[in-house]
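Presented sequentially are two complexes of subunit A, the first with subunit B as partner and the second with subunit C.
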Partner chain A sequence: MTKLTYFPGCSAHGTSEEFDSTLKLVMKSLDVEMEELPDWNCCGATSAHVMTENFALALPLRNLVLAERLPNKTMGIACASCYSRMKSTKVEMDSHPELAKKINSTIVEEGEYHGDVDVKSMLQFFYEDIGTDAIAEKVTYPLKGLKIACYYGCLLTRPKNVTQFDSPEYPMSMDRIMEALGATPTAFDFKTECCGASFSISDTEIVLSLSGTILEMAKESGAHAIVVACPLCQSNLDMRQPDIEKRAGKKYEIPILYITQLMALAFGYPMKDLMPAKHIIPIEPALAHIGEEIETPEEKKKPKKAVTAESEVE
Partner chain B sequence: MIALGQQIENKFLTAVNRKSGSNILECYQCGKCVSTCPVSDFMDFPPREIMQMVKLGMKEETYMANSMWFCLTCAACSGRCPREIDIPRVMEAIRHLAIEENVNSDNPKVKQIRIFHEIFLDMIKHYGRNYELRMMAEFNIRTRNLFKDMHLAPKALLKGKIPLGHEKVKSAKAIQRMFRMAEKLEKTK
Partner chain C sequence: MARVGVFVCFCGANIGDFVDVPAVVEEAKKIKEVKYAIDYKYVCSDPGQQMIRDAIVQQRLTSVVVAACSPRMHEKTFRKALSDAGMNPYLLEVANIREHSSWVHQKNKKAATGKSSDLIRMAVAKSIANEQLHEISVPVTKRALVIGGGIAGIQAALDIADARIPVVLVEKSPSIGGKMAQLDETFPTLDCSQCILTPKMVDVASHPFIELLPYSEVIELDGYVGNYKAKIKRKASYVNFDTCTGCGACWLKCPVKVPNEFNMGIDKRKAIYSPFPQAVPNKPVIDAEHCTMLIKGKCGICAKVCEKGSIDYTMQDEIVEREIGAVVVATGYDLWDPKPYEEYGVGRFKDIINSLEFERMVSANGPTGGVPVRPSDGKVPKNVVFIQCVGSRDEAKGIEYCSKICCMYTAKHTLLLHHKVQDSHAYVFYMDIRAAGKGYEEFVKRAQVETGATYLRGRASKIYKKGDKLMVQGEDAQIGQVVEVEADLVVLATAIYPYKDNPDLARLLGISYDKYGFLSEAHPKLRPVETAKAGIFLAGCTQAPKDIPDSVAQASATAAKVCGLFAGDTMKKDPMIAHVNNEFCTGCQNCVNVCPYQAIVTEEIPLGYGFKELRTVAKINEGVCQGCGSCVAICRSMAIDLAGFTDMQIINEIVAI
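== the complex of A and B ==
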């Protein structure tokens, strides 16, 4: 049994309860024992690093130090923003011991930072530590027929020197996991564009514009749904979708699912475990496509009429 | 601003370079950051122009720009920068310098963004965790826009998207102490 320290982040206990609960189901199926970091605090994203320098490093550092008290060697982080703050703090501390000492002095009571706990996003943990083969083995209800746009957002793969995971421009790890579940990922060019996350409350116009383009491109790619691994992306694309539709003057009605919701479904958990009622855009119509036949790209490429050498000359 | 033919020490450039860990003089103004940036349309000076303004020592103009407040830290620009400049950190450095030197922009959008961050920070300082509903309510009160996002509220509450309860880290006191210590560090630099 693999053991993992779990850092849920503020939204897992708030707006993204369905992420938290399906994550726990999926980990149970994959034989991973998750232990929630005791007494964790907010990582500070996004405001702490906008306004302060030392406090912005001290907040994640406290969590890293607390994680070292547990026997587990890896900490899995549900939220992409928390992941980015913790991982960049870890990289900063590990490469600048002097700075680490200085910041550590603000949390003397928690103890000293050694840097021996690895920090991973849940996506990275699934892809690297579990692997697509092991995921495919657990599938009892293949999501065949479901066309999915995999949306990574900015922080799961960027900046490269911090995340050290997948491609910052066109990542494929989530696409591969979707394939393992039997679903068909679409060719989606906007998979790493930013949704406007941190401006959700302070400048909604930016979110409507950026998230609007992402929905537009996902729809164009032919996807029935978008899959995400970040609660901020989910709430921007789902909760603000009616406003985005009003602004654009058209309907998208494309549901935004967490990667763990689709994994739970494919692992045989019933629909009600996905907490469909939490979604503003209903998820059932998209999931009704499961079981349909999909034209493969090769078939699509084949011209309807056979092209003869003569017609080509014409 | 510096005049041609004169050798004047560009203190602003030195400060930004030191804080960001980048060398802005490396920027050769290709503009890749501008075409990559998802919010450059919302900025009064896109990243490329900010880089040039820092090079020219235009401190006041740079501080009054809204650009560093709109930066999403999405790191799309730095991933593509041929000179490998960590542009989001440059933006952050300028923001921190402006805060340190107490320069406040009159731009209403910047003011709103700052209010949001101040509320967020206060919340962490008091509770150790973030409480979304309270933050939205406080933001509406402090920006005198009581009905912003109210149309989302009934649906979000009904669906249990936004919890009403409070969560407090057991050692919220530790966070308060941490903040005081971090503030002291900032001053002794």
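== the complex of A and C ==
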């Protein structure tokens, strides 16, 4: 049994409850024992680092120090923003020991930071620690026929020198996991574009425009649904979708699912466990495509000539 | 009794502002052996040198110390001043009080002054033990090796050969011509590239002083300036060039198709091929990696159709040796691989090509008959987006330097596109237009006016697919807004990158290269065509990105250098080399092992004292020794001494401080 420290972040206990609950189901199926970090605190999100740099580092550092008290070697983080803050802090601390000491001195009662717990996003944990083969093994209800646009958002693979995971511009890890589930990922060029993030509250128009383009392109790619691994992306693309549709004057009706919801479904959990009622855009019509035949694109039908082999003989 | 003259230089403000020069002169005068000490604003100037010459004669000096800049800068100048005054030039010592004192201690004048005096004391002490040395004459092999048959190598070979000096031109591919042969028209005059290049290629082939070795690679270089020995591998061509007429029957009938490197893989060539119609030599070679006869022993069609019986499947690689005196390296460049630009969808979108692919397409002899087409569907594009600086000037994803030619060839491409597809429109994303060169700015203006191309200042940030179009996003910094251009075809001006085998070649030749793989010149300003190794010169893009005129100019410069080197029957060489004292040498051969130049061999000499037996001692090859001193340091019996840096001179220096 693999053990993992779980950092849910504030949204998993609120707006992204369906992420949290399906994550727990999936981990159970994958034989991973998750232990929620006791007494965890806010990562600082976008607010702390506009105040002072030290504050923005001290908040995640406290969580990193707390995580070292548990025996687990990895902390999995559900929220992309929490992941970004925590991983950035870890990289900063590990590469600047003097700074680490200084920030550590502000949270001295929590203990000393050693840097021996790894920080991963759930996507990274699934892809690197579990692997697509092990995921495929657990599939009892293949999502064949479901066309999925994999949307990573801006933080899960960026910046490259911090995350050190997948490509910052055209990542494929989630696409590979979707293939393992039996679904078909679409050629989606907007997988790392910004959704507008927290402007959702302060300047909604920005989100309507940015998330609108993402929806437009996902639809264009032929996807039935968009899969995400970030609560804020999910919320922007799902909750703002009716406003986006109104603004654009057209219907997208494309549901936004968490990666763990689709994994849970493929692992054989019933539809109700996905908490469909939590979605603004209903998920059932999209999921009804499961079981449909997907036409192979024309170029794939033809035997490939001179593409795989370097030379050919007439 | 020694009579030393000391000349302290102000070097304008370089030394004068940070060192109390008059005080240094006064300090020098206190040294017993110093009979004359004076300061001057620029000792390297003509009056400065005259001062030295006069003092040598009038003060009957026995050695001279110049306290000034690094000896790398002006040692030669001052040595000449000494010899002009009838003094042995090696009785000069330079105290480097600029780089070693004034420049590095600008905040502490007192300490810098003290250190300068110390340096002078050392130099004076050393100079007292200086001996009269004389330049060594080394015989010269008057034949040059040119590596690389692109325009730079061709020009270097022709210029050297025109001076009636034999040249061996080694080219790795089946034909000379290089990248220039792949170009359509050239900026800023729109001359047809092939039309101006092919006559030169033919000249190379027919020149009585040029030995052309195509399909060959240099694999070893031994020796030293004037006396190198090169081993060259002649790759098996499986075609007897002596009997082959280049009729082409073999490649017409060959059934194996391979992506055509000359056309950037846009079309196919055969396994037996001549890279392009104007190839020199115009003889085919068999590509052993793809020929089914050579791989599986099946086929043999080319041998059957060859009327001359020139095909020989049993041919083997052959190693030839050439004695040469100088080397010109002109290996050219490769295109930088734009793979890190994942946001452009490089590798995912077929309709993104690089500039050299575009160049092949618009070439009259190109794979698409001179018309640009979309690789995805073969349609002629209407909207073409050119993106400059792909890789260049990008510290994050690419390389820091500017590739120098992309602004120009992109402007040319907009013109060519306009000529070939009249209802087309070009968009150019650029950072700056760098058009420094004769007629260059005018050419860019002409292209902009004639084509009406839309120049957008900013780096393209993203390319995505919408239907069968590519959407190019980027910032137009001049209006401060994100713009989006619908493109049928996107052309990336990918950076010039050093030829991939440069590091291996550099190690083989014993020269240095930079962090990218460009071969390093000896001095970026004053010795731009020499390498740090005597007798090896650089031409063209192997040293840095260059356009054709610059490559040709540098190639001619190397030719001048080679001709200069070969001007006499012998070459003068610095006498500061190691000498073995046979009396002390025990023949341990430690020096043989540490010598980085393989300059030490052993010899047998009589034991002496009436004994008939022989004993082994070290022997130094005067021509090869570079005077590095490694052998002196390793010698346990102190049998080796370095002229100009004898143990006595060094000890004197140490005692002086």
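A few notes on this one:
Methods note: the second predicted complex is superposed on the first by the 297 of 314 C-alpha atoms of A that agree within 3 Å, B and C clash if a C-alpha of one lies under 4 Å from a C-alpha of the other, contacts with A are read in each partner's own complex, and residues count from 1 in each chain.
By definition in this document, a contact is a pair of C-beta atoms (placed from the backbone, for glycine too) under 8 Å apart; a residue touches a chain by one contact, two chains touch by 3 or more.
None of the values given here were measured: they were computed from a predicted structure.
Once the two structures are overlaid, the count of subunit A residues touched is higher for B than for its counterpart among subunit B and subunit C.
Once the two complexes are overlaid on the shared chain, A:F190 sits against subunit C while remaining clear of subunit B.
Touch criterion met: A:S202 reaches subunit B, while subunit C stays clear of it. Residue contacts after overlaying the shared chain place A:T52 against subunit B, while subunit C stays out of touching range. In the superposed model, A:E109 makes contact with subunit B only, not with subunit C. In the overlay built on the shared chain, the residue A:G14 is in contact with subunit B alone; subunit C does not reach it. Contacts of A:E169 after superposition: both subunit B and subunit C are touched. Across the superposed pair, subunit B and subunit C both touch subunit A at residues 168-169. Chain contact summary for the complex, subunit A toward subunit B: residues 10-11, 13-15, 17, 39-42, 44, 46-55, 58-59, 62, 102-103, 105-107, 109-110, 154-155, 158-160, 168-169, 192-194, 196-199, 201-204, 206, 210, 235, 239-240, 277-280. The touching residues of subunit C, when paired with subunit A in their complex, are 255-259, 268, 271, 290, 292, 341-343, 345, 348, 462-466. The touching residues of subunit A, when paired with subunit C in their complex, are 167-170, 187, 189-190, 217, 220, 306, 310-314.
Within the complex, the subunit B residues that touch subunit A are 38-39, 42, 70, 72-76, 78-79, 86, 88, 92, 95-96, 99, 109, 112-113, 115-118, 120-121, 124, 128-132, 135-136, 139, 148-149, 152, 155-156, 159-163, 167, 169-171, 174-175, 177-179, 181-183, 185-186.
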